[in-house]
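Two complexes come next, and they have one chain in common, subunit A, joined by subunit B in the first and subunit C in the second.
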Partner chain A sequence: MKSPVSVLALAAWLLSAPALADLKVFACEPEWAALAGELGGARVEAVAAVTGAQDVHYIQARPSLIARVRNADLVVCTGADLEVAWLPLLLRQANNPRVQPGQTGFLAAADFVTLLEIPVAVDRAGGDIHPFGNPHIQTDPRNILPVAVELSARLGAIDPDGAAEYARLLEDFRVRWQQALERWQARAAALAGMEVVVHHNSWIYMNAWLGLDQLGSLEAKPGVPPSAGHLAALLAQIGSHNPRAIVRAAYQSARPSEWLSGRAGIPALVLPHTVGAVEGADDLFAVYEVMLDRLEGVAP
Partner chain B sequence: MNRVPFAFFALALPVALILVPEELSAQGVVSGNAFNPSISLILDGKYSYYSDDPDDLVLPGFLADEEIGPPEEGLSLGESELVMSANIDDQFYGFFTAALEDEDGDTEIELEEAWIQTLALPYGLGIKAGKFYSDIGYHNVKHPHTWDFVDAPLAYSVFLGGNYGDTGAQLRWVAPTTQFIELGGEVLRGDSFPANGAANDGAGAFTLFARTGGDIGVSQSWRFGLSLLSADAEERDSGEGDVTFDGDSDLYMVDFVWKWAENGNSKLRNLVVAAEYMHREEDGDVAIEDSGDAEYDGDQDGLYAQAVYQFRPKWRVGVRYDYLTSSNDVDGFAEPTLLDDGDDPYRFSTMLDFSHSEFSRLRLQASYLDTGATDDTQIFMQYIMSLGAHGAHKF
Partner chain C sequence: MTLSTLDWSILGPATLAGLIVLATHVPLGREVLRRGIIFIDLAVAQIAGLGVIATAAMGWEVHGFAAQLSAFVAATMGALLLYACERRFKESQEAVIGVVFVLAATGGILLLANNPRGGEELKDLLVGQILWVDAHTLWPAVLISAFVLTIWSMGGRWVKGVGFYLLFALSVTVSVQLVGVFLVFASLILPALASRHARHGLATAYVVGGLGYATGLLLSAIFDLPTGAVIVWCLTAWAVIIDLMLPHKSLSEV
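Then we have the complex of A and B:
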């Protein structure tokens, strides 16, 4: 019997390429890839596993993603079990010790913001709920800065030669982001108290930021596709209320919200949940600009 | 196969239930069970109809495992699978799964997998050790609850007894390239079909595998792999006919899978096409009860191709084609049934399944099997439910 072990060890030694100059960031979601781009500038090459057109709950540990994690210096994801169906497997398949949870090279954004809707009891009869709290934190722009501070520190720790540059880029980003937050806050005042219906319960951080009032969701339980019975009940529930929009993300089926839109006479509205999700949401700043533009378009 | 009496599990189940946290405290109180492993339990039950008695099923031309039988006729329980896994520390990950099966009125427990894996080796290397499903092929690592059809592909049934799992160690390497390239090999005890008897002082089988894959645009992804399983068999029993085999069994495998989803958004609609081809060479001696010994040189081929289309968020439809062919030399005498290579069995299956959520699935399947000697129409109804932790599934 030949020894496959020694053949493999030799191949590993021959093919282990030296690290390239760029610091490679593997981001689960586009918002963190965009943030790494803002904070790393030319020193960082950031790619996102998920696009704005894809449902982050349903990604598979595809070969291309394994190869990317294998070569990454830093993995940055939302965490809080949002990627539980694929990220743990990806990390184990990729054999990259630098980016395992607990290492400097693994950053879970949800660890650095306050999560909402942490369930008191977890029971799947309540749908596919997240036991650590609602993980869709990026729909509130106030959650971006704390993550940026940590991400910048990690970039500096992994690539000490660039630490000064990363600190400068963080400061630059902080100033621009705070100015934008003030601008957005002024526009938010006009939206406070507006009622909305949502497709999936993934907008609560946006609701908290803008003071929107969520009447209900098209999914009877999180992760269970909308059914005709539940939509009819929702239509009756809307009754005396006056929601201004049925909000969904770009990756969700248009049919349930359009059905309800036709019956209730309320516009169906696609809001950007991340970078690249809708036209015009081309960078982090634009995501919230377009979000506000679209909400103002249906406001009273 | 390791089996212990039902009493063992009667002890294990209450322990497992105690380990499940009753609820997570909103106040964030850390109690002793916060570090418990992820636990899930799979429940599987079915109804099976066969136009021919499944106990009489023989696939002429193949020395197959004793356990190739299709699901029991009528109402039956499939495997009830208990899975536990967790990071052990920052260096190791552990995985355990045991299945309970009802057989002829008795409950039996089978240890399916119990292994550890390294998390922190350099150079893209990883080691797995323990009892595990071998990484050969595409279908082999899948547990029954993740199968797209009620039963395994015919080639897996006859060549690997459903799938090949054994005790041993694996070395796997992921290349530092943009293109996904993975190479690996395993040294195994050689206790499970197609090996037997733990030959070579308890290292009776080894495997090699190589695979690559990637994306085509944003909507498509693929994977291609080559594998070899080389096993020594000592006094290996084969199903009906009381045939014992001693010798070498080499299995060569080619696998391919291609997935499509519009914009890569698989939640709404997606298509998965998978195909595998296997070639087995067996060389040694057979002892046939009441007939005597003979030299045996078997060449056999098997393939399957399947397509599963999720056409709405909850609904999937699938078709599968299976084909087997063999060319066997048995010196000395002509064994009339088991080693007869005159017939090429094939099977055509079609299925429809419905998933209310990711955790529940109901399935209807119809198959037509022509073994050359007999033909059989099969109808299955199945439920597969998963309780507890959300297991991630391989590509």
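Then we have the complex of A and C:
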């Protein structure tokens, strides 16, 4: 152990860091931390477990993650098993009864939007087909508002003194978001029907929003290197179509999409999947602005 | 940060897990080093994982007890195979272990290729992170470690032969799930390496292991770094320090 003095100094330094926020929000993903920031203003201190450059499927365990969940008033995650590899462990280690699933202090965003790709029948022999549907809901900005409404209600329930302020911030956000949605919708018209290939099947909500047509995915099965046959089939499919981009998220390896890009002569495109994923995507609004900018850059 | 992360309730279970892993891995690691089969732990862990994947590929449910059982069965079979190889091709045992490792790893890929289960979860089923250890789930590991240590300390011809491989398979299957492959490898090799010339070898190795885990956990909490990775670096640092501090035997004695 260190000397008592240095431990005390360290503790003082650690304790001096927090802002004077009333309510501590722990978000699994940056988009929900950003949303909590929009809806909580100065009353809320929100941190995200991963950055925009990291893969939310996996996480390296750090002591501060446990400490933060232990101290949190509200945990906001996507849910639908996106964080299944680590969130249950983290919640158990943190041992904070206020933020366990089922409590007011635990919000799973996927519970408040309509999920796509829900399998009709979960067949054990068929394997681990995702029973809840595709969890990558935040790539469609229309999914943000329903989550915002619920998040704001939770903030008010946990911190009743701030309820009026939370209601005001929600109304303010709703107006700005609706205006942005209309702006984006106008730009989306030019992209409708554009064909794309994706790296990982995590863009279906964006495709639904913009009317993009997903030709195929580089990963036939998540985490398993593609087979020669799958890539050949994909190339053949591209040959008879006209995809404009091979889309991947910032945390995914560039190699598969660069490989296909070189073969097929189609640009590989990194799109922001969350706040901070690429340069310029610094807040929730900017995520979709940059997404549209980049897609327009390759559009016919 | 709103709470000091130097919190015993966060670091405590991880410390206990580290001590349990060290208890068996220090003596086993010295034997691994003596036999010159450094990568046997990676091979055994990979075979245990292959066992779970194979069970899933046959359409069985693999969680909890069933996963443990298939991991142990596979690891035991792998251990017996490696023992047979040691008897047959003693001089190429290290190479055989390497081949077994890549076969087990790629065998998993091949099994998963025809399986609609994504496989990411399956592959990670047997790889733990030390910080996620729950104190209540440590009991099976304590019992298995005590069992392994008891048999090991009884010694005898069996332990020098096939017994070593079986005890090793059992220990590594448990420890990989607690702390992950990197820490298992480091816990086996680094204390053994640091103590190879020491007069009180076993005691020295335990000291290196204990210091490595303790400082690693502390630094991880202070600088908020991924815990397992910091411990590996601390184990290495202590292994070097202790090795430099100890009087070395002259070359003629080695």
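The criterion applied here is as follows: the second predicted complex is superposed on the first by the 260 of 300 C-alpha atoms of A that agree within 3 Å, B and C clash if a C-alpha of one lies under 4 Å from a C-alpha of the other, contacts with A are read in each partner's own complex, and residues count from 1 in each chain.
What we mean here is this: a residue touches a chain if its C-beta (ideal position, glycine included) is under 8 Å from a C-beta of that chain, and two chains touch if they have at least 3 such contacts.
These figures come from a predicted structure and were not determined experimentally.
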Contacts of A:71 with subunit B and subunit C, given as first, second, both or neither: both
Which superposed partner A:262 touches (first subunit B, second subunit C, both, neither): neither
Partner chain in contact with A:85 - subunit B first, subunit C second, else both or neither: both
Partner chain(s) touched by A:160 [first = subunit B, second = subunit C, both, neither]: neither
Superposed model, subunit A: greater residue contact from subunit B or subunit C: B
Partner chain in contact with A:57 - subunit B first, subunit C second, else both or neither: both
Which superposed partner A:280 touches (first subunit B, second subunit C, both, neither): neither
Partner chain(s) touched by A:193 [first = subunit B, second = subunit C, both, neither]: neither
Contacts of A:24 with subunit B and subunit C, given as first, second, both or neither: second
First (subunit B), second (subunit C), both or neither touched by A:297: neither
Doubly contacted residues of subunit A, that is, touched by subunit B and again by subunit C: 1, 7, 11, 15, 17, 57, 60-64, 66-67, 70-71, 84-86, 89, 92-93, 95, 124, 127-128, 221, 223-225
Residue ranges of subunit A in contact with subunit C within the complex: 1-2, 7, 10-11, 14-15, 17-18, 24, 45, 57, 60-64, 66-68, 70-71, 84-86, 89-90, 92-93, 95, 124-129, 221-225, 227
Residue ranges of subunit A touching subunit B (in the complex, touch as defined): 1, 4-5, 7-9, 11-13, 15-17, 51, 53-55, 57-64, 66-67, 70-71, 81, 84-89, 92-97, 100-103, 118-122, 124, 127-128, 131, 221, 223-225, 251, 253
Of subunit B, residues touching subunit A in the complex: 23-24, 26, 87, 90, 93, 117, 119-126, 171-187, 200, 203, 206, 208, 211-215, 218, 221-223, 230, 259, 263-268, 313-314, 356-359, 387, 390, 392-395
Residue ranges of subunit C in contact with subunit A within the complex: 1-7, 9-11, 13, 56, 59, 61, 109, 112-113, 115-121, 123-124, 129-132, 134, 218, 220-222, 224-229
